[in-house]
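Structure below; questions to follow.
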Amino acid sequence: MDSIKSDFQRPDGREFDELRQCRVYPHWTSNPEGSVLIECGGTRVLCTASWEDQVPSWRAGSGLGWVTAEYAMIPRATGTRNSREGGKNSRSQEISRLIGRSLRMAVDFEAMGECAVYIDCDVLQADGGTRTASITGGWIALKEAAQWALKNGRVAKDFIKHQISAVSVGIVEGAEVLDLPYAEDCKASTDMNVVQTESGEFVEIQGTGERSPFSSSQLSFLLDLASKGNKELQIKQREALA
Amino acid sequence: MDSIKSDFQRPDGREFDELRQCRVYPHWTSNPEGSVLIECGGTRVLCTASWEDQVPSWRAGSGLGWVTAEYAMIPRATGTRNSREGGKNSRSQEISRLIGRSLRMAVDFEAMGECAVYIDCDVLQADGGTRTASITGGWIALKEAAQWALKNGRVAKDFIKHQISAVSVGIVEGAEVLDLPYAEDCKASTDMNVVQTESGEFVEIQGTGERSPFSSSQLSFLLDLASKGNKELQIKQREALA
Amino acid sequence: MDSIKSDFQRPDGREFDELRQCRVYPHWTSNPEGSVLIECGGTRVLCTASWEDQVPSWRAGSGLGWVTAEYAMIPRATGTRNSREGGKNSRSQEISRLIGRSLRMAVDFEAMGECAVYIDCDVLQADGGTRTASITGGWIALKEAAQWALKNGRVAKDFIKHQISAVSVGIVEGAEVLDLPYAEDCKASTDMNVVQTESGEFVEIQGTGERSPFSSSQLSFLLDLASKGNKELQIKQREALA
Amino acid sequence: MDSIKSDFQRPDGREFDELRQCRVYPHWTSNPEGSVLIECGGTRVLCTASWEDQVPSWRAGSGLGWVTAEYAMIPRATGTRNSREGGKNSRSQEISRLIGRSLRMAVDFEAMGECAVYIDCDVLQADGGTRTASITGGWIALKEAAQWALKNGRVAKDFIKHQISAVSVGIVEGAEVLDLPYAEDCKASTDMNVVQTESGEFVEIQGTGERSPFSSSQLSFLLDLASKGNKELQIKQREALA
Amino acid sequence: MDSIKSDFQRPDGREFDELRQCRVYPHWTSNPEGSVLIECGGTRVLCTASWEDQVPSWRAGSGLGWVTAEYAMIPRATGTRNSREGGKNSRSQEISRLIGRSLRMAVDFEAMGECAVYIDCDVLQADGGTRTASITGGWIALKEAAQWALKNGRVAKDFIKHQISAVSVGIVEGAEVLDLPYAEDCKASTDMNVVQTESGEFVEIQGTGERSPFSSSQLSFLLDLASKGNKELQIKQREALA
Amino acid sequence: MDSIKSDFQRPDGREFDELRQCRVYPHWTSNPEGSVLIECGGTRVLCTASWEDQVPSWRAGSGLGWVTAEYAMIPRATGTRNSREGGKNSRSQEISRLIGRSLRMAVDFEAMGECAVYIDCDVLQADGGTRTASITGGWIALKEAAQWALKNGRVAKDFIKHQISAVSVGIVEGAEVLDLPYAEDCKASTDMNVVQTESGEFVEIQGTGERSPFSSSQLSFLLDLASKGNKELQIKQREALA
């Protein structure tokens, strides 16, 4: 893949289409049915999956399962301390909805039966891409919970029908780049989060011209970068579960 | 433009690439500096623009202006009554952020000076596409406020540098369609909101695979539909301001 | 009727006992069972009535119906923008209680059965008298809902036993006047809202000496003015429903 | 005074135009600048007045003083326990506004200077008429604070220009009665609170047809009853301050 | 008992091991099943006990009763007015939990059956030791409610198995003292609240080195002082109930 | 040390006076000025210390520094998922106050100058003793921040004047034990948290008879156990900082 504009040097020396180092620690805490500490560069998110033997009341009687997510940052995940929000501010709620929506696409709700999984993503350290790391890590926690449910007789078969991961792409100083750390993110003219399946199909695209609009050809290039990134992240996901 | 799948009949008889009837009532109320009632089919949104001679404290001293937006639904905008939320629930806040972000791309903040415009979008009747109607109508109200500011000596020149409109596209029963009413929206497998400038560049793309992921070629087709729709909406915007 | 003090000139040139122009747009939106846009001079309120086939839990088993109301202003209904409150501030809640109490007097709860009507009054433009316009318009929306319920077999007979309207009166620069716009309201020494039935009996009187106390004879004169105003508003109500 | 309908026997044996026993304990607690425990029959309210040497920021620079009030019930003031609300529910806030509005009519804000008095009315036992007892007792606390301010050099002269008291009247089983206890209040067809000055002029009238509308002649009779009651309560107020 | 350091003169002239004057007014209000006004020096707390014939849902089916408590201050209980909090701030909630926990130790939940008592402690005047006065007074209100329940056939036997009282001790200017008023409390280097039974056993000890840590021997001395104080308070409790 | 009752076997096989395995990971995240992951058996808390170059406004102008703390649990720290509370529930706030109070005893506020440290304790996994682990770990984070401040010229000397740690003790099945895991905690008859300095003096003692009162001799034994535990924890603290 060729970058449209190659004279931009990334602060951490990466190639324009190179992911940050990604480490996954499965079963990181022992209480939840799924629990993953995921590190994408300086971003570190604890993703837990909590199984419940019932669905929320509005879904009772449907025969179908449910998956939802909550995202929050601890106060000093970032460079300066933010007041404790416990997932209540509107940015956190918007991200929670994105994570929940994305992970629900992974699930066969009929196979799940009237049970629910709650995904909690707590950002312990933030360096850009916290929502995409939450989706990528959240999917592993969800898969661990599915394995737990199968092993413990809660379900008859694995209810995970898609592998889901997410990555950010963006345009910084005119150059399209993959997996932006905070230093790039805060000066990007375009910022995009792309959620994809194992076959590269799109689950969610959220692209914003933060400083200026972007063209069709820029969009194409960014989506190619994202596809490359998600393919590599999905390998990490499978390794963690192996 | 050819629809990929043409045997889907739209409930209201429209062509797959046809907008709903769009009516704009400029200066609909008299207190705000900008005020527009916009109707897109059965969706009806009152968009007001309130000028303030100062910016929020965090932006003071920057020499730059500010634009922000709030979106809310009245309780019985929809088929069944929702509890009154006053823009406080997380869906409304997410939409408010989208509207504000989109409209800020229209503005030359230096030309604006340290003044602010508050865009309020109150949905009086909802039939799908309320957030895109809010952006399209909100831009007209913003432009009215800019004209007011110029006429009243608050600014030296028109600070609107881009024309901005938004429209929804989606995939319903396998067919890509433009400008979905509620009846289509609630069974769409993919739902996408596209915000564009007068030159067709993208300000924001939010695409969600609600029921199944979508492919690259579907994405291309949807973006073409959106471009057609936004071009037509921008003609309406200009007519309303004439 | 003679004004006690006749040398006060009303800003809009009206006689002391003259209502502002009142326009009623019935069935203004299509989702609610009742929906009325009412304009009293510069005041514009959207009143909707939402039917529900059950009563709140505390009234279940009584065999009786229920009517309640909520009032709110959009942020830029007034000359300067207020923060969005969604009916939550104490002034709005006090007005909501007044509207609900007044409209409940119109209803035969036995004839209604265990069903409920929720009246929502959203002030789109405010120029004094928003609470009285809400009651006058809310009664029309309630009546529309009663007609809907009769037509759709929810009730066996019309459950509206009284016609209810409301109007403001006050003392401005020593003169008693009917139907105060904001310009008069903010300098009135006495301000009074009067809710009456079709026979002129009182449903609610709320009179406040804002700047000085008022005497018995002033009270009598104000109540006569209110009776005249409510009689005329009730003609408008009947015309709108015809 | 003759009662229109005299065969109604009041539960506590009082005449239709007779007040309940009213006891006032001035300076009941020692921290506040004014502090009164007032008992009207079974209703017992602790009214405190807190002096502050500054006004709220919105009134700064006006040269004028300010008086405001807060009303709350302790959980078991009534026959069954209510959840603790701390003056936050809408009924309490409505009553707080009534008390504040009424007591502000007593004050010469210029003579007060840029100082404020906060009146707190905490209902320790409720048996009807808690809002009127709060106004009657609140005025004594306010007067005590005015005396304190004069004595302590905060003001040059007494800034209380009116004596204010309040009482309830109503129609029970067709009979007009004065000063309703809870047992009468909950079956009254009309309920009215009347705030008056030392000369009998009206500061506030809030009359509600709770079960049926009321006529002009009923209104007149009720206002006469209220005038009689307030006259007697004002004697109690003066005695307490003597 | 000898004070370790005897040259400290208490502001109110008391001996180091002397309680403030304690007065108890049983059955102070008539609605609650238990109601006590307790005065410990300048501290005055109204403690009510509300009986309910059912337990909270989480305890239903256990066959056991429940006791809980809520503590709040009226705004001007203290020297300067605090904003009305209705028991919602964290200090009040912490104290509420302490009172509830302490009083639950008094109760035989089996003998109580599936009934609940809600203790409300409203501080009308504060001069130090409000939480301990609340426990001491709350126990009397609880006992009154138990007597009411026995008399009214709600329980078969007295379910109060322990007598509970509480007192504060502390170190002021190096001297250990009993029952600190506000003037001592705000300069104490150690502050301790001690809840004890009729046999002197400990229900709760909360000791804090506010300005400096305290030693083992200081702790012993403070606990001896507390035991003396609680013994005397328990005599007051029994007298009030006699 | 001899246990009073030695036939109780601890679930994890420890001696009655033996701490759980305690591991400390200093500088666990890189954004905060102090950051420690502390593990005490199955309890795992992330403690961060955030330096600010100013104090809260109420302390400005005093010349003194400030330390405060916030404690929260992630939803699935425990065996079943709790709703996300972000430190807002009353239990969390009570614990936050305890941590803040305890750590303030460690600090020479004059040496600190008008700067502040915010300690955040986020419980990632809970198995009893989360508040004591927060204090023990919080002190290390605070010390790291003090070292940072000294190194970065914010202060002229180390402002930590005391070493502070905390441990729980309790009575389980009649046996006094040190450092209770959840399995013991939930059946303890007495539960006590003890905060001590490097010399063994007490900073805070919070002892509760959860099921029955406790005697003087039991108290003495528990305090001896706590002193032994804190001595050992303080060795761990010093090792982590070495």
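Letters A, B, C, D, E and F name the chains as they come in the text, with residue numbers starting at 1 for each one.
What we mean here is this: a residue touches a chain if its C-beta (ideal position, glycine included) is under 8 Å from a C-beta of that chain, and two chains touch if they have at least 3 such contacts.
Treat the numbers as computed from the prediction; the structure is a model and nothing was measured.
K.L.:
Copies chain E and chain F touch; is their interface built from the same residue numbers (over half shared) or different ones?
P.N.:
Looking at both copies, the contact residues mostly coincide.
K.L.:
Have a look at E-F, D-E or C-D and name the one that copies the A-F interface, over half of its contact pairs being the same.
P.N.:
D-E
K.L.:
Between chain A and chain B, what distance separates the C-alpha centroids? Give it in angstrom.
P.N.:
Result: the chain centres lie 28 Å from each other.
K.L.:
Find the geometric centre of each of chain B and chain C from their Cα atoms only, then give the gap between the two centres in Å, rounded to an integer.
P.N.:
34
K.L.:
Centroid from C-alpha atoms only, then distance chain A to chain C, rounded to Å. What do you get?
P.N.:
52
K.L.:
Show the residues in chain D shared as contacts by 2 or more other chains, in ascending order.
P.N.:
Chain D, residues with two or more chain partners: not present.
K.L.:
Once you draw an edge for every pair of touching chains, what topology comes out, line, ring, star, complete or other?
P.N.:
Basically the chains close up into a ring.
K.L.:
Given the complex with chain D, which residues does chain E contribute to the contact?
P.N.:
That would be residues 29-32, 35, 42, 44, 46, 48, 50, 52, 70, 72, 74-81, 84-88, 118, 120, 122, 124-126 of chain E.
K.L.:
Could you list, by residue number, the parts of chain B that touch chain A in their complex?
P.N.:
90-91, 93-94, 96-97, 101, 105, 162, 196-197, 199, 201-210, 212-216, 219, 223
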